[in-house]
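Across the two complexes that follow, subunit A remains constant while its partner is subunit B and subsequently subunit C.
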Partner chain A sequence: MTDITEQEIDVFVGAVNHYFDQITGEKAKIRSSFLAEGDIRPPIYDFTGLISIGGDYRGCIYFSATRVMLMRLLLAMREPRQTDPHLLDAVGEIANTLAGNAREHFGETMAISVPMTFQGAAERLRMTVRERPYVIMIKWKQYEAAVIVDIAKK
Partner chain B sequence: MASPTAWKMTAGEFFQGLFGKYIAILIAVVIFLVSDLGVLGTNIYSSFRIAESAVSINLSGRQRAMSQRFAKALLLVEHDVTRGVSHQTSLQELEYAAYIFDTTMTGFRDGAMVTGGLGSPVFLVKADTPEGRRLVSETYRVWDPYKKLLQPLWDTLPPGNPLFNEKQLEEAAQNQWRSSRLQSTFTQEEVDAAVVYMRANNVELFNHVNALTFELERDANERAFRLRMIQLIGLTIVLINVLFTVFMSIRDLMRGDRNLALARKETEEILGTVREGLFLLDHDYRLGSQYSKSLNKVLQRDVFPGMPFLPILEEMVSKNVYDNARDYIELLFGQRVKEALVTSLNPLSQVEVRGREDEQPHYLSFNFNRALEDGRISHLLVTVQDVTEQVRLAAQLEAAKGQSRIEVEVLLKLLNTDAGVLRQFLDNVGKGLAQINERLRSEDDSEKARLHLLNFVMRIVHGIKGEAAALNIEMFEDYAHGFEKELVGMREKGEVRGEDMVRITVLLDGFYERLAAITNIAEKMAGTSSGSGDADEKYLQTFVDSLRSLVARIAGDEKKEATVACDLGDIVRLPRRVANELHGITIQLLRNAVKHGVESPAEREAQGKPVNGEIVVECKEIDRDEYEFTVRDDGRGISVGKIREVLVQKGALSVEEANALGVDAVMLRLFEPGFSTASEADRDAGHGVGLDVVAEKTMKLRGRLTLNSKIQAFTEFKIRFSL
Partner chain C sequence: MRLLIVDDSSIIRSRIARIMNDPRLPTLMIVGMARNGAEALELFSQSHPELVTMDLTMPEMDGVECTEAMTNLNPEAHILVVSALSDKATAIKALKKGAKGFLYKPFTDEQLIGALLEVMS
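Here is the complex of A and B:
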């Protein structure tokens, strides 16, 4: 068995799903789950919110979503302004939720950074800690986003 | 609990105590006794001396009176003589007063028994001060001539002066008070001479005895003063001694209190700081008054002094452990049992406990040590540690050891496996896993698609399991088996959720890890193994060996007897890709043959068959580039009725539908995913995947599969394919 369990992965995926449920009243679902292995690279969409992990673990966890999904999310939040900074704020907010859940679940064993946000492909996302990072595809309405879990125990 | 003998002290301890910390008290007691006895002794002595002084002063005062008494008597004698009347009475008075005066003076000079104030004899001490001696001497100087002048007068008296008592008469006779001249009368001159002397010296004599009286009074006063001083000093010493003793006692008490407070503070500091739970247990199994602060935390319970320990324990551990622990504690309190001998019996040296604060398994270690008082067990000192982390680490270490053992095992098995076959196997596994991952990625989230996905994953995993079993790589086989079981569980729920997809991904990741580990070993081996021997021959050998070992293992597990006979010479003429597919097919069919086809030895014997079931595997080129591959067993055959029954049981068909189904249609159902006639799933059958894999691989070969079977005779699978 690997050093990460599905319960641990669920801490992050659950955080995202819960966020959508809370904010929009409509649950997000896991569409699929796979490994970024071989030619399959972790997906990076238009906007990405990331937290870095330290402590007993290392690596990062990030949420990446398309522009259109985030715009729809802002709409559901009755936020009329949909500029790039607003979209970045939205992914940042989701990354913040990831961090919060991780803190609650892992406690002192995991040191969690302040969330960072990126627009487009970021160089640091090409580097992975795991041989095969976990990719969990989230579906909300007809839109897709991904939670990538790339952490390993030290 | 203090035993009755707890305060017994040996002689050594007594003396050690006496000259040790009790020395001050001892000295104080000695000083008290000495000063008290000193004062008492002086008191007694002085009281005697005061009594003596009282006699002396009294008699000295009487001397003054006597001096005047005999002067007066002398003047009466002279008067009587002059008038010519009887002078005998006056003369008797003169003699008596003179006698008392004279004997008393002897007492003052030498110390003697004299006539006391009331006539009875008393001892008169001599006047011993210098002034006293001088005054006595001065008195004698006057008295001696005086007495000589008076003597002729009373010598004329007839014997036995009536004023004398018997004792005085006796003494007077002894002392020769009267001279022996025996005259019947005295002369006028003798009287006159005495009167003249008296008139001249009476005042001086009076003054001397008077002064003696004052001197004696002064001496008595001085003695009394000395006695008071001695008493005062004695009392002062006693008072100082008492104060000293009180001071020493208070100082010792305060020092004791201070030491006690310090010891208490140290104990409290220790008990407040140690991470272990520490407490004392008495004979009633109750907690002592002091225990370490961390005890509550370690036990995850609130404890208080005097709390019964056994109910706490009962709440925390299983009944069995609790009973053993109670016995063990009883044993430790038993005086006759040696502590060292029973330590190994401690059932609580590492025990899983039920915590209150969290649900996680929690391990504690209790250690019991006897606390002795006067050689008897007074308490048990109990140390409790939370060893959860150590237990977890030990388990991890054990797992790591297990992992290394598996790796060594794998390595040994791989050394016996043909490198080409192994590489091919690992390639197949890699490809299989990649296929699963690709399907996971591209799958849509409809229920139907997910069930398809599940069957797809199951087929690949089952295939890997079979091949791993044939190559005897248990590490893969076991993992694939576990994977498969989870997939079956998901399928049986009838609904595949998003979380299940994550679970499959995690399992897939684990598979990849194992693949990487074995690939790593295989690559290292490739560098060291020699490439000797004919490759085809070695391939064939490995192929055949793997089938034999698989059949032997499954037959052993099933308690059956079965062997495989191979005629596979032509297999090496096939491309390895095809041969590998056939290998995969053979594995599934052999599993089914041993598990479902071959009967138990008893059953076979009853049917008149040889006990040993035989499975034949053949591969023949029947035409140019056309091959026929056969797997045939001599077992019980396939029962169409049994298949119908299972289909009805599973709810796939109604009884009517099942009965209406033709034999071919029933047989086809065997190749559907999820079908199995085995009542329980194990790693060789029961998940309903085997024939599913066979069908899939046959399709890959674009082959044609024929199934023949006869009840209680045989089952035969034939695959025809062209290259």
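Here is the complex of A and C:
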């Protein structure tokens, strides 16, 4: 398997910026991006959406966000329902959108799954492909989220 | 005009439904909302919508397959694909299967209204 490049990681940074700009009219700030290794594990917030990657690529893409960020995003979409199932729906849809947008660069041979979502602890988050997944830390207003890119080319 | 909204996200289904009240759009009656292609096809056969917004990545039956099946049932149906899949090949495939337009997620209200008006024209 071949690692994806730093330029390809930037595709996800671009997708994050585009998402926040389109939905809220305000770009998110990329606080930092780094390779998770050793004691530095990828951050997991209140809600996480996971997309499995197949086709010519292998691995997963996660979007993880705090409850309050998701609630603010739903307000930006004029969505009044803010229950946990709706927040799970939102986090899955965002993960799906970021992965789907990345196909503009990676092409249709990067197959993406429907989202799997979960709340709280990260037992189901295991790095599957890269020993050191790439973490993009996001701040929008004062709210935090992260995109974790754990994919490689077959 | 009768409208069917197809998306596996309830947030997106509701958002599209809210935008349908915009005065720039003709009167649209939402005849159904479906979470996957199989459910959408059943509703399409029952309620005969003239306009459909169609997600692509969905469980059970995906949007491309569903678009093809709907077009076989009614080639006049106006199907607007609303999807995050941003590669050109997917858009071309959906259009070949009978979709009349393609809007990328994430979309603004203005972009959805513009895409719907274009598809209906």
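We adopt the following convention: the second predicted complex is superposed on the first by the 148 of 154 C-alpha atoms of A that agree within 3 Å, B and C clash if a C-alpha of one lies under 4 Å from a C-alpha of the other, contacts with A are read in each partner's own complex, and residues count from 1 in each chain.
Operating definition for what follows: a residue touches a chain if its C-beta (ideal position, glycine included) is under 8 Å from a C-beta of that chain, and two chains touch if they have at least 3 such contacts.
Keep in mind it's a predicted model, so treat the numbers as computed, not measured.
S.K.: Subunit B versus subunit C on the shared subunit A, clash or fit?
M.R.: With subunit A as the common anchor, subunit B and subunit C both fit in the superposed model.
S.K.: Quick check on the superposed pair: does A:Ile112 touch subunit B, subunit C, both, or neither? Answer first, second, both or neither.
M.R.: Second partner only, subunit C.
S.K.: Which holds for A:Tyr19: it touches subunit B only (first), subunit C only (second), both, or neither?
M.R.: A:Tyr19 contacts subunit C only, not subunit B.
S.K.: Would you sort A:Tyr134 into first (subunit B), second (subunit C), both or neither based on which partner it touches?
M.R.: first
S.K.: Once chain A of both complexes is superposed, is A:Ile9 in touch with subunit B (first), subunit C (second), both, or neither?
M.R.: The answer is first: A:Ile9 touches subunit B but not subunit C.
S.K.: Treating the CA centre of subunit A as the corner point, state the angle out to subunit B and subunit C, nearest 10°.
M.R.: It is 70 degrees after superposition, to the nearest 10.
S.K.: With the two complexes superposed on chain A, say which partner A:Asp89 touches: subunit B (first), subunit C (second), both, or neither.
M.R.: After superposing on A, A:Asp89 lies in contact with subunit C but is clear of subunit B.
S.K.: With both complexes placed on chain A, how many Å separate the closest C-alpha atoms of subunit B and subunit C?
M.R.: Scanning every C-alpha pair, the shortest subunit B to subunit C distance is 13 Å.
S.K.: So in the complex, the part of subunit A that touches subunit C is made up of which residues?
M.R.: Against subunit C, the touching part of subunit A is residues 18-19, 22-23, 74, 77-79, 81, 86, 89-90, 92-93, 96-104, 106-108, 112-114.
S.K.: Quick check on the complex: what are the subunit B residues that touch subunit A?
M.R.: Residues 434, 437-438, 440-445, 497-499, 501-506, 508-510, 512-513, 516 of subunit B touch subunit A in their complex.
S.K.: What part of subunit C is in contact with subunit A in the complex they form?
M.R.: Its residues touching subunit A are 8-12, 14-15, 18, 57-59, 83-87, 89-90, 104-108.
S.K.: Which of the residues in subunit A end up touching subunit B in this complex?
M.R.: Contacts found on subunit A: 1-2, 4-6, 9-10, 13, 29-35, 37-38, 40, 131-132, 134-136, 139.
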